[in-house]
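Next come two complexes built around subunit A: one with subunit B, the other with subunit C.
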Partner chain A sequence: MDMVKAAKELLLQDKVDIFLGYRKLDGHQIPHGFTKAHVDDLDQLEISLNRYPLEKIACDLTRKDPTLKIGILARDCSQRALNLLYTWDQLNPENIETLTVNCCPSSLSTHGDCSYLKPKITGAYKKAHGIDYNDSPKNFMAEHDSQDRLSRWMYEFQKCIKCYGCRNVCPVCFCKECSLEHPNLVEPGVLPAEVPIFHLIRATHMAGRCIDCGLCEDACPAHIPLRMLYREVNDAVSDIFGYVPGDHIEKSPFSIIGKTVELTPAPMDV
Partner chain B sequence: MTVKRIAFVQELLKFMGLEGRLHLEWISSAEAQKYVDVVTKFTEKIRNMGPNPLRAINEMKKAG
Partner chain C sequence: MDCEFVPSVCSYCGTGCGVLFEVIDGRINRTLPLKSHPVNQGKLCIKGWNLHEYINSYMRLKGPLVRENGRLEKATWDEAVNQAARRFTRIKEEYGPDSIGVLVSAKITNEENYLAQKFTRAVIGTNNVDHCARL
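Let's turn to the complex of A and B:
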């Protein structure tokens, strides 16, 4: 397998100190850091639909040792996440090597290696009262009036069990202090989470940051259509500021003081 | 910075179905009349829209 050979070369030629990929353990594919000392473990490298935020592991490793050279098995979404993490100085591009795996199907390859490519199924009750996974933000805005939109989002948010899975799996959530753990914003130990503030705090923080990998939605045990929410958030950012997170190394408009575009406060419509 | 954030949050609230409840206006300390006009107009607007629907939802939830 070419990928195994390429990864072995990276390690043996000391281009990287550790290579992050997946291997099977007790029947589960889990992230694994392969090293030069155990280079033959790479024969068990697994490439499948399953994905984890390997970039997040790279961030944790870098925090412990900023000089560590890291190889990563990367998809398109990983590339976007890496660009964003470079922008925010969480990773140094000089210390990262990527091996790109087939991600979305193309004319060259008919299958894609991504769990998100499995079509999502939305049940009839969710379709009637909540939000269809496969709906687009624009379509959702066009089809439902404001009251309907509110009640559908409340239906979705109220299912939240406050597991913080969306934040924990997110490759671009790296803050040392998280607003979702601030006792004045989100009361600790209270279930269910106060709606919609919990989700809107996260949505606001995803503005100019979310790279649309869909891991949060995959991870959510309550089936909240988070990817759709963050897509809308970033549609707004790209409409207003012309900024697409992870596209290239460029700071978000919310982290630049001063004007990136000319804006005037919207007039009050009565 | 404020205008950027407010423009974004207004979009987000619209998506949630809570539009119209957030407004930004620059008023200098020398513009007392403008302050009065804006606040009166906004209060009137919010009163016509009725109470915040989220309060009812969260209270209903607390009551079980």
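Let's turn to the complex of A and C:
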């Protein structure tokens, strides 16, 4: 397998100190940090269908040792996450080597390794009262009036069990102090979650950050269509600033200090 | 630097969700849900997500303590077990086996729970045994 050879080369030529990939352990495909000392372990390297936030693990390692050179098995979404983390100075592009995986199929490559290739199934009750996973924000806005949209989002939000899984799994959530843990914004130890404020805090913070990997939606025990919510806020960012998070290594409009941008308040229904 | 992942089972309740510990240089740094686990299918509750915090907590009890003269003192397992056995025997002889009750936990395994009820019924000689997850 070419991937194994390439990863071994990276380690043996000291281009990276650790290579983050997947291997099978006890029947589960789980991430693993391969090192030069155990380079033969790389024979077990797999491209797992189960995606884990490898970029977040890279951030954890970098925090422990900022000079550590890390190799990563990168899907398209990982690549976007890495670009965003470079933008926000969480990772140094000089310390990261990627081995790209064939994931999202295109006209050039029809085969892909991703659990997302099959669309999610939305049940009949969720379709009638909540939100279809596969709906697009534009379509959703066009099909439902504001009252209907509010009731549908509230149906989804009130299922929240406040596990913080969406934030914990998010590869681009790296803040040391999180607004979701601020006692004045979200009261600690209280269930049910304060809706919709809990989700709206996270949604506003995902504007210009979310790279649409879908890990949050995967981790949500309440089946809240988070991906669509963050797509909606990101659409607003790309409409106003022309910025798509993770597309390039460029400064985000939210990381530039000293430049004022005037926003005109507009009703939600336009 | 060493980074490995260890699949495990959440120790908080009897559901048995699969978790994955991110171990960096021998220390658990983060907990992730085990995506391929049939029980939780890649989801966790807030307690499961924060397993590493209690494992690494400085307040965590790592050895037995015995209360002597009103203060908890560090002891060896042999001392602690002997002390407990001695006091239980005394209570049982003085007030009868039904003066003792045993509460077992969802945080220990099925087998350990079985042993605890066996111990209560066969050794102590009472049916006063219950479990926190007996909903």
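Operating definition for what follows: the second predicted complex is superposed on the first by the 253 of 270 C-alpha atoms of A that agree within 3 Å, B and C clash if a C-alpha of one lies under 4 Å from a C-alpha of the other, contacts with A are read in each partner's own complex, and residues count from 1 in each chain.
The criterion applied here is as follows: contacts are C-beta pairs under 8 Å (C-beta built on N, C-alpha and C of every residue); 3 or more make two chains touch, one makes a residue touch a chain.
Note that this is a predicted model, so its numbers are computed, not measured.
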What is the contact status of A:Glu55 with respect to subunit B (first) and subunit C (second): first, second, both, or neither? neither
Quick one: is A:Glu156 in contact with subunit B, with subunit C, with both, or with neither? Answer first, second, both or neither. neither
Let me test your reading of the model: by the given contact rule, A:Gly33 touches which partner, first (subunit B), second (subunit C), both or neither? second
Exercise. Pick one for A:Thr204: touches subunit B only (first), subunit C only (second), both, or neither.
Key: first
- Partner chain in contact with A:Ser146 - subunit B first, subunit C second, else both or neither: first
- request: Quick one: classify A:Leu68 as touching subunit B (first), subunit C (second), both or neither.
  value: second
Original post:
So, A:Pro265: does it touch subunit B (first), subunit C (second), both, or neither?
Top reply: first
In their shared complex, subunit A is touched by residues of subunit B numbered 1, 3-12, 14-20, 23-26, 38, 41-42, 44-45, 48, 53-54, 57-58, 61
The residues of subunit A that touch subunit C in their complex are 17-18, 20, 25-33, 35, 50-53, 56-57, 60-61, 64-65, 68, 161-165, 168-169, 218-221
Residue positions on subunit A within touch of subunit B in the complex are 137, 140-141, 144-151, 153-154, 158, 192, 194-196, 200, 203-204, 207, 232-233, 236-237, 239-241, 253-254, 257, 260, 263-266, 268-270
As the complex stands, subunit C meets subunit A at residues 1-5, 7, 18, 20, 22, 24-25, 29-30, 32-37, 40, 42-46, 48-49
